[in-house]
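One chain, chain A, links the two complexes that follow: it is found with chain B in the first and with chain C in the second.
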Partner chain A sequence: MLNQKMTRIAALESRPRIVQNRAFVSTVAVLLFLILWETAPRMHWIDGTYTSEPSRVVMASLEIVRGGDLLRDVSLSLWEFTWGIVLAVLVGVPIGLLLGTFQTLRHLLDPPVMALYATPQLALLPIFVVWLGIGVGSKVAVVFAGAVIPIIVNSIAGVREVDRSLVLAARSFCAKQRDVFMKVIFPASLPAVTIGIRLGISRGVLGVIVAEMYVSQSGVGNEIMKYGSAFRVDYLLFYVMLVSVFGFTATTAVRAIEERLRK
Partner chain B sequence: MTRTFRQSAPVALGIVSFVIIFAIWELLVRVGWVNPFFTSQPSAIAAALGQQMQSGELLRNFLVSIREFAMGFGAAVVVGLVLGVVAGWYRTFEYILDPFLWFLYSAPLIAFYPIFVIRLGLGSGTVIAISFLLSVTPIAVNTLTGMKNINTGLILAAKSFGAHPHDLLWKVALPASVPMIVAGLRLGIGRALTGVVIAELFVSSAGLGYSISYNGQLLKTTNMFASLVVIVALGVACTQALSALEARFDSWRTGPGV
Partner chain C sequence: MEARVLRSSTVDQPVTKSHLPHIRIEDVTIAYEKPRDAGIFVAVSGVNLEVDRGTFVTIVGPSGCGKSSLLLAIAGLIAPASGQVIVDNHAVSGPGRDRAMVFQDFALLPWRTVLENVRFGLELHRWSGENLDERARRYVNLVGLSGFEHYRPHQLSGGMRQRVGIARALAVDPEILLLDEPFGALDAQAREVMGNELLKIWEQNKKTALFVTHSIDEAIFLGDRVVVMSKGPGRILETIAIDLPRPRTIEMLDGEAYVDYRRRIRIHLTGGLQSERAIVAPHG
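Moving on, here comes the complex of A and B:
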């Protein structure tokens, strides 16, 4: 059996067409899941109070969209998220490029950076709340803290992976130190920098939601907390999917930029 | 002499850097430029750690968190590896799994904690479940990618020397995927720790994340930083352990181009 499969891996083209159609198989799987999810509570296989049903999620979504508070919550969360990410890029990229370029500085600051990299930055959330209060400040800080570390780490890696021969070639044509940095090292490390930004974005999305769930007065995370504690799973799922789609779209967009930069 | 200096220089500079950070921190507080109510100070944090160690509070919180982490991450490793290997072997299964993995990966799963609490209670069970769900996806996805990208030359070579399917899996496919799998485990460790900490912020009465949150509500910054130091140490220890594991299982790879 396995032997057969290995032969297929070796000769991919021999597989049946329908199995190779990724979109078809995935769509069928999701549809089957939705049907099962819709019928299971109706047949009393599971308790619908805690799982809701797709039809109720759709109804809840329409109600939320008509309600009018959605725009306020989304724009607040988006505002906090954007500030955190922008600050993280403005601070993280220069630090990363500097640490990548100067070895002694890197040896000096690498251990604390790596220690923070290995730590869940969301552990800082209660500290930020003590420092900055329950408003926008603590959310921006959490997004910033979550995003800045991967941006620094990947920017360092970007500079270090720049092809040395490019630098040597520029030097042998008498390029100044500043030109070597601005015209060779910086552009060549951009793809790695964008990887850092992409990781930062996915951490930032989780960060802003967790921070709003932890303590806040409005925002998407606040709504999630409200409907979660009330066991309104249908409303809860709408907001969860909203966040998922946003995170997926944002990271896909950055990935597209990344691929363009590599060319 | 020069050589040993060069090798030990990064380590020495690393120690120096922590010493400098703690010294500046302590100094700023002592001179009075920074209010210790907000930032605490290293000497007070060290004292708090010593006192928590004596009272057993530190060990208790640490054991609760490490147990939740070990169970969540352990289950994620088993499930993630199995899912990844099966999906890497059978393409149809990969296509079926794909949309669900995508949703699990990008959804803020902590949002579902009230539902977990109903089933698993207000404590370790829920924390383990969230830690598991957060860390299982990167492990499964990386294992799958590793299996998919095996050099077919390796497989054909093994087959032409009469390898059994069993051998192909254990002696070719899995060893060849080690770097991708380890990268997945590395992401998984980070997300499992994150899962434990954030779940403890919401649903727990013990553990390091709970301790940070609890002391935060009492505005006891020194105790918050003490627990944070333990979390940082735990994160670093896990990452180091994984590097050792990687060296052990990837030792057959002698050079580029394999």
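Moving on, here comes the complex of A and C:
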């Protein structure tokens, strides 16, 4: 144990040059890009109206943060997103596990699930608006519709790919059907389930932002659309960055939970 | 030709009423449906076998001779197409607490630690009256894995993994240990070490053991009796009593008696192979 740790440390110590180099190169690349982005419009190489500049994005960020609407927009989008994802997990995981376990059920529901998998969830937005109005409901529905399908599909795959010999081993120890599920099938399919949730999250982020662009008076998506049509690229970029940071954080968090669970 | 002569000597002793074997396999045939309705594959055909309490019986045969199927039938994990398996005078209808199995591919839960894997069988048996972790730890120690309790299967060598598999089976205190090519996935050296270790553990309490292998040496080294099976469909060719003293040692592998046993078994197995070839390409 200790020995392993020591060799690992030794290996790290022999590598710092490469590690430093890599970090150095990436930093330089980012800095160069920012400098180019800042100077190009100033030198009239390109039209700043279309690209904005890093300094103006920073200024816009400060203004938005000070403005006070940010919290309202972010919490609205987050609210819609969270509801959609939570419902998708609560509905998708049990359905997926059931479909994975029972072949007949799978044959019954496979065509509609696959059809929905191939349908962009945003194509359903107009019908959600008809059903649920332009408020929170239709956005939750879009997030849900986008997220639930990959969660179901991956949960099915998770169950189907469970090592049959583990099930056999459990049965050899007189496991009841419920034990087989709780102690073997469910934990064995967790990695696939979390992959489904991760895919669901990215489809959910997409869903909530685009839905807000088209049918909303507020929310992050609405802001992006608003500043886009006003040619305020600096404001727009702040919100876009916000979304990508959020998406990244959420999927990283799920991955961290997954690592926890597998340990 | 020779194989046929020997086959006549394989008929088991007639069963006397007073003699009650631990396991009795009565005219068992095991068949599988081939995929896509391609008919039925007969894995084992009309096998009779008796195993006495406290004996170590090995089953050796070429792959595909149905020896694993036979073991699964005793475990109650598959049902024979005809005939029956009788354990302790009761017909087997499913898995039971009196039997525990060790698998060729270990079948350990990858997300559980060594200790938790050994606990697995105890949990499923609803073991009570003793702290599960303490009992699991005892069996982890028994198979020589103390210090590795919190390792996960992927961090262990094949031999160590199968030690976990053996500990898991022994921890539920079965009366019959069923081992399905347990060392088949190990390299030759690890095989030898594990065979030795298994015997040491077995000699402590002499549970009835059925051990399936395709290694002739392993079969002789471990067994009180070696059951030799033929392929397609699986039948018993001969049951050979191994008259070697216990504890068995590696040195016995070179002894005259050992070499005789090996020759006797090999004639069966290669003899079967030759007749197969004769069908494919009759030499003229």
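A few points about this structure:
Basically, the second predicted complex is superposed on the first by the 238 of 263 C-alpha atoms of A that agree within 3 Å, B and C clash if a C-alpha of one lies under 4 Å from a C-alpha of the other, contacts with A are read in each partner's own complex, and residues count from 1 in each chain.
Criterion: contacts are C-beta pairs under 8 Å (C-beta built on N, C-alpha and C of every residue); 3 or more make two chains touch, one makes a residue touch a chain.
What you see is a predicted model, and the numbers here were worked out from it, not measured in a lab.
Number of chain A residues touched is higher for B, counting chain B against chain C.
Of the two partner chains, neither chain B nor chain C is touched by A:40.
Judged by the touch definition given at the top, the superposed model places A:183 against chain C, while chain B stays out of reach.
When the shared chain is aligned, chain B comes close enough to touch A:25, but chain C does not. Applying the stated contact rule after C-alpha superposition, one finds that A:122 touches chain B and leaves chain C untouched. In the overlay built on the shared chain, the residue A:131 is in contact with chain B alone; chain C does not reach it. No residue of chain A is contacted both by chain B in one complex and by chain C in the other.
Per the touch definition, chain A reaches chain C in the complex via residues 163, 165-166, 168-175, 179, 183-184, 187-188, 261-263.
On the chain A side of its complex with chain B, the touching residues are 1-3, 5-6, 9-10, 15, 19-20, 22, 25-26, 29-30, 33, 50, 104, 107-112, 114-116, 118-120, 122-127, 129-131, 202, 205-206, 209-210, 213-214, 221, 224, 228-229, 231, 233, 236, 239-241, 243-245, 247-248, 251. Every residue of chain C that touches chain A in the complex is listed here, in rising order: 75, 77, 95-97, 99-101, 103, 105, 107, 109, 111, 120-121, 123-125, 172. On the chain B side of its complex with chain A, the touching residues are 9-10, 13-18, 21, 38, 89-92, 95-100, 102-103, 106-108, 110-115, 118-119, 150, 152, 155-156, 159, 164-166, 168-169, 190, 193-194, 196-198, 201-202, 208-209, 212-213, 215-217, 219, 221, 224-225, 228, 231-232, 235-236, 238-239.
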